[in-house]
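In the part that follows, the structures are each spelled out as structure tokens.
Paired with subunit B in one complex and with subunit C in the other, subunit A is shared by the two complexes that follow.
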Partner chain A sequence: MSFAEAAEWFAFVILAVISVAGALGMATTMSMFRSGIFLMASFIGVAGLFVLLSADLLGLLQVMMYIGGMLVMILFMVLFSHDPGGSMMADMDMSLIERFFSLGLSSSPDKEGMDMERHGHDGMDMGGQGGHDPMDMGGQGGMDMSMTTPVKRWAAALSVTLGGGLVALLLLRPAWPTTDTTPNPESARMIGELLMSKYMMAFEGAGLLILIGIFGAVLVARPGAYPDRDARDAYVTRDLPPAPIDEDPPPSADAHVPPEALEEVTVSGAHRDEAGGPPPQNETGQAASESLDRDS
Partner chain B sequence: MELTLRALGVLAALGLAALLTHFFEPAALSDAQERGPATPAGARGPVELAPNPDRWMHPAGPVTALLGVLFALIVIPYGPDLVPRDLGIGVFYFIVVVDFVVLGLSLGGWGANTRNSVDVYYRATAQLVAYVVPLGLAYIGAIMMARSLSTVSIVDAQAGMWFVVLQPIGFALYLVTGLMQAYRPPFVEPFAAFIEHGVYGASFAWQALLWRLALSSLLFLVAAMGAVLYLGGWRGPLLPGPVWMLLKTFGLMAIMVWGGSRVPLLSTGRMLELSWKVLTPIGLANVLVVGALILLGVGPS
Partner chain C sequence: MAVPLTAYLIVGALLFGLGVYAVIAQRSAVMILMGIEVLLNAIGLNMIAFWRFVNPGDYSAQIFTILIITIGAVEMGIGLAIMMLLYRNRGTVQVDQYDSLKG
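Showing the complex of A and B:
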């Protein structure tokens, strides 16, 4: 085996491990943020495999889409989820693999007990409604039952069967066509020409679809979409100019601010609604309260 | 052997870029204003660390950002044969790889788990959304005229005339979006003083060093790519290629830092507004103008 071949094998193994471990981590970690990053890592690993197959442009396109797109997606996910950092669930009973991918997540020491207690009660309620599953991990007290559902075994069986079937299809495939031709260095140019000639309708059609999507988003968010002004103010931030940097709230020295004080801090920096409606829920306020949520 | 030489060349370029930017940039900025990533250690408050940082992602941040910068340096040419690797899709590769800096900021900011550092993640991502489209449009003008994505071919296409003469709008667009990409004034919100200078306020020791290295080199990278796209890269009379390349890069850095520091700071919301209401239409118009110029036979044949 030559040096180049060995290097290729090495790169393949590394990239394959990144792809598979990333997908596994995405499904098992307790932190939403980490889950998104794992998914990104998995896709970047696959992009690396594309590059190994001399499809540089494809690989780079994938990296570009998934870094930018995934960061924005995680941002929205974080803004909408209750415990994006996973600190509430970090100390509950987990299976080995979940514990591995959640390594290093921990709630702050002084708050830990309270979170666990509260979550434990929630879990009990949900467990009571969903039916008790004897195959639960057998944990008591601290275990969050909401993480386990009665259909977990069925889901596992289904995914293993499907996955096994796919792998079997790949292995039992009669012959893998191989080729010795070297990849064309002008492939980027050729892809561009194909997109602009043979596949032009599909290409332009995709562009049109995305444009319509943007129009739709603007339409949904526009002022006239609500019956009256008060109804809109209840849901949407007014289109006020965003606060300049120096008017933002000063960072509070104490992270454990009571909720009322927190509300005051975030609102005071943002622009008040002169109509006296509900406090604007602009990004700054959301971001600030979100990060405080994580801290406490 | 050759591979090792090229790798060493990239490392040397990184060292040079960071070193020169590190001494150049503070000299161009006054003390009173926000300096963004160039804030000296003495001007910052104490480093604030959360009791429970993410032990994987907090250190991964600076490493990812520095890797992105290193990868991007691979395609910057300093002479016809002085380029670590002339990829056929070099410019596109550059755009993609510089995104790893944003990924690093997100990882490091979130992982540090203080209130201010998590803000870095939000603001850096919003800034990415703001600059990525106009930046691509600023690249496209030069790519259309050179008819190639390779950095070396783009410089070669400017043998007769620099693209800055043919596409002044594209050049101006690149300067603005480049500042946004490099987090330099007036686009310093992820590093602003009111969030304790972002990741600087939440990292120490080797992590702070790597951040400084990556973010200093980032300005150099952006300016070097500007020199390649619009100022004819290494081309110039009398002096050897690498000298011209460095001169142009530093000239561009001077223009960007000086011009940017004379504009009031912009918040992320204003950046998005500027990007979508002003820069993107200008970029599209530039593409149209360049297309018309090419059809009229202007530019390299």
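Showing the complex of A and C:
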């Protein structure tokens, strides 16, 4: 085996392990943010495999599109939904793999076991809990660990059967008629010429598809698409500018604060005494906006 | 000997199985979209491996892979927009809580 072949095998093994282990970590870790990072590792591994297959342009496109575009969207969505901890499958058969990829996420195994046991009882009122309980968000280590899913061994069994079946078919099949010819090193130029001549319509169609996709995404996600009047009012109220911060002490500062926010001021004032937070003038405006947020 | 075609195809099959697992087992819509991305990656890897080892003179396979990436990007954008709307309306992205159509 020559040196070049040994180097090729070395690069192939490393990139394959990166891509497969990244996908495995994405599918099994308990933290949704962390699975986004694992997905990035998998994309980088596949991009490296593309380069190893002498498809340089596609490796570059893979990094730019998937990591630069889609992964940013995914991580934005994870953070937008206030659920970076995720609600992964803490109760599954593959718990060893999950523990490995979720190292450091669970503060103590006792707490996790307790949460699971508790959730076995009240599994029916998941809808009320919704995963956005402030209590859940406050927890440091076992964040959202209480939202264990029902056991999905059948999903693991199905996918292991599928993957194993595909690998077995590949190993059993006699070899494909491969050729030894190496591709043209100027593959990007060839691809560009093909895109502009033979696959012109596909190229234009992809452009049209992207345009329509942009329109659809903007149309769907535009602000104000709310189902009923209450939700819309809540949205409009939430977007009001916050109450101005007065330099002068009350009572003139309290004149513009609505009565329901005053309760919040007292409550959060008590909190502040415990926590030793910012001075009270700032607290008024923040509490008012907080109570409005909670109403929405 | 150089890396054979079957090795790349096995990597693609493993990625496909993991993507199927993520799509089936996860409850969050974001995670399901991530699984779909892994599935598209596996398909692209298979296609490029076949291009490299079977017919490296014809670059159509790379163009199909570029189209797959494009469609994946559009799908991700629209899926995330729909998810954003659902999240603002329902306050969750767990797909098994969108069960209002269930009888």
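Quick note on the criterion: the second predicted complex is superposed on the first by the 153 of 296 C-alpha atoms of A that agree within 3 Å, B and C clash if a C-alpha of one lies under 4 Å from a C-alpha of the other, contacts with A are read in each partner's own complex, and residues count from 1 in each chain.
Keep this in mind: a contact is a pair of C-beta atoms (placed from the backbone, for glycine too) under 8 Å apart; a residue touches a chain by one contact, two chains touch by 3 or more.
Remember, it's a predicted structure, so these values are computed and weren't measured experimentally.
Contacts of A:Leu170 after superposition on the shared chain: subunit C is touched, whereas subunit B is not. Once the two complexes are overlaid on the shared chain, A:Ser159 sits against subunit C while remaining clear of subunit B.
With both structures placed on the common chain, the touch criterion links A:Leu194 to subunit C but leaves subunit B unconnected. Of the two partner chains placed by the overlay, only subunit C lies in contact with A:Val46; subunit B stays clear of it. When both complexes are overlaid on chain A, the residue A:Ala27 reaches subunit C alone and has no touch with subunit B. In the superposed pair of complexes, A:Leu57 makes contact with subunit B and with subunit C alike. Between subunit B and subunit C, more residues of subunit A are touched by C. When the two complexes are overlaid on their common chain A, residue A:Ala6 makes contact with neither subunit B nor subunit C. Looking at the shared chain after the overlay, A:Ile214 reaches subunit C, while subunit B stays out of its contact range. Common to the subunit B and subunit C interfaces on subunit A are residues 57, 74, 87. Touching subunit C in their complex are the following residues of subunit A: 1, 5, 8-9, 12, 16, 19-20, 23-24, 26-27, 32, 35-36, 39, 42-43, 46, 49-50, 52-55, 57-58, 61-62, 65-66, 69-70, 73-74, 76-78, 80-81, 83, 86-89, 92, 126-127, 130-132, 149, 152, 155-156, 158-160, 162-164, 166-167, 170-171, 175-179, 181-184, 187, 190-191, 194-195, 198-199, 202, 206, 209-210, 213-214, 216-218, 220-221, 225-227, 231. Within the complex formed with subunit A, the subunit B residues making contact are 50-52, 54-57, 87-89, 92-93, 95-96, 99-100, 102-103, 106-107, 110, 113-116, 118-119, 121-122, 125-126, 128-129, 132, 149, 189, 192, 194-196, 265-270. Subunit C contributes residues 1-11, 13-22, 24-28, 30-31, 33-35, 37-38, 41, 44-45, 48-57, 59-60, 62-63, 65-67, 69-74, 76-78, 80-85, 87-89, 91-94, 97 to its touches with subunit A in the complex.
Subunit A meets subunit B in the complex at residues 31, 33-34, 37, 40, 56-57, 60, 63-64, 67-68, 71-72, 74-75, 85, 87, 103-109, 185-186, 188, 241-246, 248, 250-252, 255, 283, 287-288, 290-292, 294-295.
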